[in-house]
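Next up: the structures, one after another.
The same chain A turns up in both complexes below, where it pairs with chain B and then with chain C.
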Partner chain A sequence: MKLLRTVAFNLFTWSLVLLIAFPLIWMVLTSLKPQTELFRIPPTWLPQSVTFEHYWRLLTETPFLIYFRNSVVLATATTLFVVTLGTVGAYSLVRFRYRGRETLALLVLFTYLLPSVVLIIPLYLAMVWLGLSNTLMSLVLAHTTFALPYALWLLRSFMEGVPEDLESAALVDGATRMGAFKDIILPQLLPGIISTALFTFILSWNEYLYALVLVNTDSVRPLTTGVMSMLISAFNIEWSLLMAASVMMSVPLIVVFAFLQSYLTRGFGAGGVKG
Partner chain B sequence: MTAKAHTAPALERGYARLGVLLIAPVIVVFSLVIVYPLLAAIYLSLFQIYTPTLQGSFVGVDNYMDLLTRRAFWSSLWVTLVWTFGTLSLQIVCGVGVALLLHQNLWFRSLARSLVLFPYFLSTVVAVLVWRWLFNDLYGALNHGLMQIGLIDMPVDWLGSMPNAMIGIILVGAWKYFPFVVIAVLARLQTIPEHLYEAAKIDGAGPIARFWDVTLPQLRSVLTVIILLRAIWDFKEFDLIYLLTGGGPVTSTQTLALLVYQEAFALNEMGRAAAYSVGMMLVMLVFMIVYVRHSGREG
Partner chain C sequence: MGQVTLTDVRKVFGAFTALEGLNIDIAEGEFVALLGPSGCGKSTTLRMLAGLDFPTAGTISIGGRVVNDVPPGKRDIAMVFQSYALYPHMTVAENIAYPLKKRGMPKAERTAAVQKAAATLQLEPLLDRKPRQLSGGQQQRVALGRALVREPKVFLLDEPLSNLDAKLRSYMRAELIELHRRIGKTMVYVTHDQLEAMTMADRIAVMHGGRLQQFDTPAAVYDRPANRFVAGFIGTPSMNLVEGAVRDGTFVFAGQALPLPKDRFGDVPEGPAVLGLRPEDIRLEQGPLQGTLRLVENSGHEQIVTVEVPGGTRLLVRAEAGRPLSMGQSATLAVETARLHLFAPGETGARLGRDPGGAVVEMAPRQSGGAS
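Right after this comes the complex of A and B.
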């Protein structure tokens, strides 16, 4: 009786999980089907013949690799910039006492919730005026608007979790504040920094609106707008090609999920929900 | 000894100065990329600006009069509220339900968790492409699946007509964002002390009574935070709706974020768009103040 209940529960939950994951499974299956098989009625649930031609065409006949490179540069630059600023800033916000500190923390929280569309018009004008429009630099700056408050907020919670007495002990032993920061705080904060960096990277990798407004040439387009432009420009929508592009675009995410998932859940506990 | 007593306040002051020095780069970047654009948006909302030439003239509060008297802002506000309420309730119900299931002893539990969490981290562009392919009226898997089960007997036009388009975006929004609720609720479930359940069991409470009397009260505080955060994020959502329906059919799924974009970059009315964005921010400010005060109390 108990066994039966366990089996029933597992079957029910797993069919639900597979239903939730179905769009992703369908994405992979579609990317492996030959173009002709897509337009069968009724559709074949499993591909009758498996082909990698769409992946090959994606890499050789479309600007996909350029978009991919742009996204890597953009997300890496944003992450490095934001996490460096954020780590030092969070250290200051948590471990130092000065006037305006609380107000600043509040301001960070407010900007963390701000809608991008409010900032986008002035940012667009500023980039045109600075001659930065259509450069990856403009996107790095634009991504800072949401990534910096986010990283600062996360790192602040992680910093609060680092015990204070080790730092005090180092100071008594004659270390300077910056010395203690380098030798005591940074090593303990490292898991938090990694998890913040992952979140920032994913945020920047997935961002669409700024890329849509600030960049309009193929040579600097990141993946998000690049792949969408493949959908819009195609006369005949090639779904299997687009699904192959979607799979390739998710590769960094799959890697993170396979090897670094604990850092993602940790980041959630720290900043996403506790607030 | 006395020398040390003398240096203590000096040291404190030195530390405070170092603290300010360390936060200075953040303040500079913040002012340049957030505070300045924010103030500029309010300033720009007093002008009429033609987007292609960026030429404009001062019009005072005319844009705000437009906002109050034209239907566009109010109908978009209504659409935004419908979308936010619809997708948020679905996220909460599915999120809590799935979290309760995944909290149990399940075969390959960590794999199941990964599969459920994945959509949240997926790019909206990818999510939209996949769903547009699923929604495809002729060759889409959704219509065929539903027809095979017998729920519908004709293919449904998912994104091109109302109310299907609204249902479509609410559904995709819920699919993409409910994992956030799952992660947060799961983390909280793990901290509920086991003896509360045992006490309830001894008192003769069944599984359903235990959920209402033990689990739900324990989840209350985390659910408040989740609802506030997700309400703010859903309210300002742009990518998902823009890419799925573009605000259509006509303007039936045009939320405020889409309206601002449309005015600025399709209708070339940059000043009016800025006014709309300020209006949108004022509506959001209500949620934001509640959230900030709430998290201030918790902290």
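Right after this comes the complex of A and C.
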């Protein structure tokens, strides 16, 4: 009876997993099928002959690598910007008492509530005015504007979890404010910083709308818009290339996530302060 | 070296005055307890001594140097926090070494100093553990170790024992007294637990409502409370405080009259006053007061009896264990008149009359709330 239940539970769970993962699996399988096998009816589940020609074509004949590099630079720079500003801002919001502190925090949240479409035109004009139109930097700034509010709130709640006594103790022990921040607060904040970084990176990596509007030459296009404009035309969709590109777009995220997930949970239970 | 002086210190948070005209002089090597209910300003005082808060007015000096503008790390003080504030990501050894590291001490010396502090507090087997792997008592000792290791002039302790269970607390109390005796450094100890203050401190600063109420030895605070607040705050069970009036050399309340010794209270003008009587200064024997036993609490080594006197006033009386007492029984009360206290009316009404020795301690004018 007990065994039966365990088996039933396992079957149920695995069917859910399969259901959710199916598009991903199909994407990988499609990318490995030769062109001729793609639209065969009935469809083949497993590729009858595995081919890497789409990957090869993507890497050698298309600007995929340029887009990839742009995406890496864009997402990394945005993450750095957002995490740095967010950490410092959250510290200020939590530790310092000044007039309008709460209003400021609410205002930041309010900008997060605005649909990003509303901000595109003003942002575009601002970028032109700054002389940054059609550069990666304009995308970094644009992504920062919509990732920062959420990051600030996320980090603020993490910062609130760091007991003030820890910082006071470090100050009494002879650290400067910056020293206490570096030695004591940052290590405590690490789980929060990592989850914020992850969130920001994914957001920036997958962002499409701003990339479409703010940037229009191949040399600065990120993967999202680059792949789209390259493989989807009015006449034809290059499915196999698109699938191969999608696999290569997702892989870095999956790797980063898998690597950091264990890191995320670690340290959550840590606490030297009794409360 | 380790003297601490607060002169006319005042601290205001927005519209709230946390401290008013605080003057405290702490001698080198002295163990002083700052005692008071929560919100009395004792923790604020300690934080200002540490440099974590800044006085709105007045000066603070440590070791003869005014430290108002000196950052915490340069004041030559160490602090033990109520929460212990151990750095969670560092081992015990790293925690203890941190203040030395921040002072640029070379690694070899640091290790030696950590070993020495660990030996003093029996922490050697724990040096490689993280704080979360320690019990409350062990964390407490690590926090002490971190304070000890740099040999500061002054130790500041903010309710360090309040997170421990009762048994461990009394053990650590003895440890701290022993530690203070051995190292002989100035210690300022914040607590709301009068037992800790009474048993550990050389002098107690009793605080209430942002003001210093009395600053004296535990015996003096207990035997000669400066005002009604101190009288009611110090002592368990607390002192009986009875509202009434002085008339014809007696204290009159609820139709009863208690004769006042002339040598001590002859100069006290007639009018409203508050009588203070400790439970151990009232005896269940032939005497001037009549009452009925309402509650008998036997703790084994003594009995605390609640006696209701006519008019509804209830008095706590300490009686020896084993004496047959039952609720509802009527009794007469004798009072140790040499040990009774009179205060002016009001929450912090000043002490009236002369001390048992005959010396005039205070002849404060009768007014409410006029404590110094």
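In this section, the second predicted complex is superposed on the first by the 251 of 275 C-alpha atoms of A that agree within 3 Å, B and C clash if a C-alpha of one lies under 4 Å from a C-alpha of the other, contacts with A are read in each partner's own complex, and residues count from 1 in each chain.
The rule is simple: contacts are C-beta pairs under 8 Å (C-beta built on N, C-alpha and C of every residue); 3 or more make two chains touch, one makes a residue touch a chain.
The model shown is predicted, which means the values in this text are computed figures rather than measured ones.
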item: Chain B versus chain C as contact partner of A:134, first or second or both or neither; value: neither
item: Which superposed partner A:144 touches (first chain B, second chain C, both, neither); value: first
item: Partner chain in contact with A:76 - chain B first, chain C second, else both or neither; value: neither
item: Between chain B and chain C, more extensive residue contact with chain A; value: B
item: First, second, both or neither for A:205, with chain B first and chain C second; value: first
item: Which superposed partner A:51 touches (first chain B, second chain C, both, neither); value: neither
item: Partner chain in contact with A:119 - chain B first, chain C second, else both or neither; value: first
item: First, second, both or neither for A:111, with chain B first and chain C second; value: first
item: Touched partner set for A:13, first chain B, second chain C, both or neither; value: first
item: Chain A residues contacted in one complex by chain B, in the other by chain C; value: 269, 272-275
item: Touching residues (chain side chain A, partner chain C) in the complex; value: 163, 165-166, 168-176, 179, 183-184, 187-188, 267, 269-275
item: In the complex, chain A residues that touch chain B; value: 6, 9-10, 13-14, 16-18, 20-21, 23-24, 26-27, 30, 38-43, 85-86, 88-89, 91-93, 95-98, 101, 104, 106-107, 109-111, 113-123, 125-126, 128, 141-142, 144-145, 148-149, 152, 177-178, 202, 205-206, 208-209, 213, 223-224, 227-228, 231, 239, 242-243, 245-246, 249-250, 253, 256-257, 261, 264-265, 268-269, 272-275
item: Footprint of chain A on chain C - complex, ascending; value: 47, 50-52, 71-74, 77-79, 81-89, 95, 98-99, 102-103, 130-132, 136, 139, 146, 163
item: List of chain B residues in touch with chain A within their complex; value: 12, 15-16, 18-20, 22-23, 25-27, 29-30, 33-34, 36-38, 40-41, 44, 54, 98, 101-102, 104-107, 112, 114-119, 121-127, 129-131, 133-134, 136, 138-139, 141, 144, 148, 175, 180, 183-184, 187, 222, 225-226, 229, 232, 235-236, 238-239, 242-243, 256-257, 260-261, 264-265, 270, 273-274, 277-278, 280-281, 284, 287-288, 291-292, 294-296, 298-299
